[in-house]
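Two complexes, one shared chain (subunit A), two partners (subunit B, subunit C).
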Partner chain A sequence: MTDAPSYLSPTGQEIVFLLLGAVAVGAALLVVTTRQLVHAALWLVVTFGALAGCYLVLTAEFVAWVQVLIYVGAIVVLLLFGIMLTRAPIGRSADLDSGNRPAAALVALATAAVLVTVVVDGFRTAYAPLRAGGGSAGEIGSSVFRNWVLPFEALSVLLLAALIGAIVLSRTDIRGRG
Partner chain B sequence: MRTTLLAAADPTLADFGHDPLWISIIKAVVIFIVLMLGVLFGVWFERKLISRMQNRYGPNRAGKFGLLQSVADGLKMGLKEDLMPRTVDKVIYFIAPVVLAVPAFLAFSVVPMGPKVSMFGVETPLQLTDLPVAVLLVLAMASVGVYGIVLAGWGSRSPYAMLGGLRASAQVVSYEIAMGLSFVGVFLYAGTLSTSEIVGAQAGGNEIFGVPMPSWYMITLFPSFVIYVITMLGETNRVPFDLPEGEGELVGGFQTEYSNSLKFAVIMLAEYVNVFVVSAMSITLFMGGWRAPWPISLWDGANSGWWPLLWFFAKMVLVFAFFIWCRASLPRVRYDQLMALGWKILIPVNLAWILLIATAKAFRLTGTDRTLVYALGIVVLVGCALIWWRFDSVMQRRKEEREAQVQAEFEELGAEPAAGGFPVPPLDLPHYHGVARKEVSSGSN
Partner chain C sequence: MTTHYLVLSALLFAIGAVGVLIRRNAIVVFMCVELMLNACNLAFVTFARQHGNLDGQLIAFFVMVVAAAEVVVGLAIIVMIFRTRRSASVDDANLLKY
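For the complex of A and B:
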């Protein structure tokens, strides 16, 4: 940790990072405000893409491409698959707004406020200079499997349980007990 | 006892990122042009070769040997009216072919095509760029390309196109998992995800008792290679996994509404570039990349200068010919067969194989606690056997139950043909079991 340089002379990296952040937030707003269901999913792709760009600017190459591979390439495709399998509307749908709009906005603002205060409070003027290769596959692998093995294994068990749960829920030939 | 015969000309990651801008531009433009020409002549080559396999001539009117057939087709598509169906989602209908094509071209930027050469006085590797995670980039680009198909299918607003898009999304997502897993073996052995270093890692094999062992991963990691070959057919929607197009049942699948205009040409272009990308990946990861195959590699100059471009190109032609061979000889699989193959065979086999090579790798590390590895191996094996035994006995029981049910039904219907509510003929009529004599004797007409 070194002293932070002045905010008034941002480097090119910082400008790109801020722009990508703006793209991510703007696209995320469009996800919840657009009246076309499939377009909402596509704006979600833009959000995830901008997030991957942020990781890339922070030299976390591995995480960035995995973000594209998993979130853009698999999760939103599955969302689209689900939408298309059910009704796949083209054009505007009138019934996309729910009555919970004010409550949702409140919750979103509160969450954002909590996150921002925690981050600002936690790091304040701390400044970590970026170095190339800091987010490479090797570094991430050794830190996950040396320092964070237990959380990693707990997460894998959680995902496995979710997977098995999904299979059990979707199969009609497995009877419930009682 | 590893002999890495790395020459000074072999590029490593450190060699990238130093090119002057104009060299990068030249490389990018050349790759783009070569891919475009590759598609033009690839289409011609495919049509010609498949014709020969089907005992006919194929295109032979436009130009010598029909070489200009694709050029003529392209011109025709460019001159056709560009239809925009009335009810489509206009933006998405328009950008879908672009989304399909751009990632395909981008993925080719990390394909190594040769060692360092002198290009206009600048020492530079024959590869546009390389990343520490280059192979992941290719996978990510392939997964972005799916959007082109899904959006083309959805935006067309037509049932056939929609079905094609649905099939494509499920198929590509499933096969991408198996494809990613088949790379894991290569990563474990090469110790890197960068394409140029993976090629470098296949340079020299181990020597066992003085006999050099083969160094290509297609031999040392044969199961990974076989799985990759299957998934590369599935990932590019080629026969026998071309269900998203399925012209037999879905007209043209996701591209039905793209009548023969330039948009269709872009879709076609993207499909062929995708085929080239997965072929190049199979060469890079499993067939030694641009390195010369064995008899040629005895010649010292084989892996230096511009020669490797030739080996790379020859391998590309061979892999592409394999694609055509498959198309000429295999029928299209059913959709449930496709999914069962992907999820129930390729992924479990792949995981077991990864476990096996990881164990083998663990033994080679110095300072490994061998008893621990043995104990873990025995636990895993016994566990697998127990799970298999349990599934097998349950399956056996279900099968017997089903057979008993069918038998009971058969007896019931035999006694009383109308028992199920439908009047059916008795189930033991003689011709169900084959009749002793032919009902129409041969030569009666």
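For the complex of A and C:
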């Protein structure tokens, strides 16, 4: 809260943020509105990349690289595999949207209006001057193993459970007693 | 400055919500859920930046790991539904049994 932000002379960080934010929102809109399934996955890559850039501007380096590794590297590839495995139509397909478009638009407008109003009203004076070196891997690691050991271990058990669950679900020769 | 990030996060969350509501293919619904999770992550990282500690970044990291686990199990379920029903549309999977 040192000095107030000025909207007339934007700093470099603000310009980079505006560009990244425009890219993220535009690509997210294309994910929701595109008529081709594979294109939706690829626009998702653009959104995640822009968000990783936002994390970098927020000095969260480790989270940014984990975002690139996990989301762009793993999750989108998994989603593309899912699209291929379910033999989704590769070209344009007409019946991608269900019929509740007006209700969805209403819900989205209400959500966006409430969230933006609350955020702008609640954090109008919040201004954090950016300093370099906030979220490097070393600091994150020492914080994990100093303050967050139990959640970390619980996450490893969760990952193991997800692994076993996916194997059990996808193998056809293992059947439950149900 | 941090307000802009929170507004971006709110917009991405709303876009993800509308995608979940209007899309018919289960995998695209999944992508929109990921979009909403990412919006929450951005808010967490922004709050971490604003308060000057690392806890928000750590929670964002944990959210990413949980999202990865969720995608693995969810895609397995979608592929299994596709095997039995020959369709990945959420409208066709409207029965819990049979």
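Going forward, the second predicted complex is superposed on the first by the 142 of 178 C-alpha atoms of A that agree within 3 Å, B and C clash if a C-alpha of one lies under 4 Å from a C-alpha of the other, contacts with A are read in each partner's own complex, and residues count from 1 in each chain.
One rule holds in what follows: a contact is a pair of C-beta atoms (placed from the backbone, for glycine too) under 8 Å apart; a residue touches a chain by one contact, two chains touch by 3 or more.
Everything numeric here is computed off the predicted structure, so don't read it as measured data.
Participant: Go through the superposed model and pick first if A:V66 touches only subunit B, second if only subunit C, both, or neither.
Facilitator: both
Participant: Could you look at A:V45 and tell me whether it touches subunit B, subunit C, both or neither (first, second, both, neither)?
Facilitator: first
Participant: Looking at A:I15, would you say it contacts subunit B, subunit C, both, or neither? Reply first, second, both or neither.
Facilitator: Neither partner.
Participant: Output check: A:V157 vs subunit B and subunit C. Expected answer is one of first, second, both, neither. What do you get?
Facilitator: In the superposed model, A:V157 contacts neither subunit B nor subunit C.
Participant: Taking the superposition on A as described, I'd like to know which of subunit B and subunit C A:V32 touches: first, second, both or neither.
Facilitator: In the superposed model, A:V32 contacts subunit C only, not subunit B.
Participant: Going by the contact rule set out at the top, does A:L78 touch subunit B (first), subunit C (second), both, or neither?
Facilitator: both
Participant: For A:V149, decide between first (touching subunit B), second (touching subunit C), both and neither.
Facilitator: Once the two structures are laid over each other on A, A:V149 reaches no partner at all.
Participant: With both structures placed on chain A, which of the two partners, subunit B or subunit C, ends up touching more residues of subunit A?
Facilitator: In the superposed model, C touches more residues of subunit A.
Participant: Quick check on my understanding: which residues of subunit A belong to both its subunit B contact set and its subunit C contact set?
Facilitator: 62, 66, 74, 78, 81, 85, 88.
Participant: Under the touch definition given earlier, write down the residues of subunit C that touch subunit A in their complex.
Facilitator: 1-8, 10-19, 21-25, 27-28, 30-32, 34-35, 38, 41-42, 45-46, 48-50, 52, 54-55, 57-58, 60-62, 64-73, 75-80, 82-83, 88, 90-91
Participant: How about subunit A: which of its residues touch subunit B in the complex?
Facilitator: 38, 42, 45, 61-62, 65-66, 68-69, 72-74, 77-78, 80-81, 84-85, 88, 90-91, 133, 136-138
Participant: Would you pull the subunit A residues touching subunit C in the complex into a rising list?
Facilitator: Against subunit C, the touching part of subunit A is residues 5, 13-14, 17-18, 21, 24-25, 28-29, 31-32, 37, 40-41, 44, 47-48, 51, 54-55, 58-60, 62-63, 66-67, 70-71, 74-75, 78-79, 81-83, 85-88, 95-98, 100-101, 103-105, 107-109, 111-112, 115-116, 119-120, 123-124, 126-128, 130, 134-135, 139-140, 143-144, 147-148, 151, 155, 158-159, 161-163, 165-166, 169-170, 172.
Participant: Under the touch definition given earlier, write down the residues of subunit B that touch subunit A in their complex.
Facilitator: 87-89, 92, 131-133, 136-137, 139-140, 142-144, 146-147, 150-151, 153-155, 157, 162, 165-166, 169-170, 172-173, 176, 180, 193
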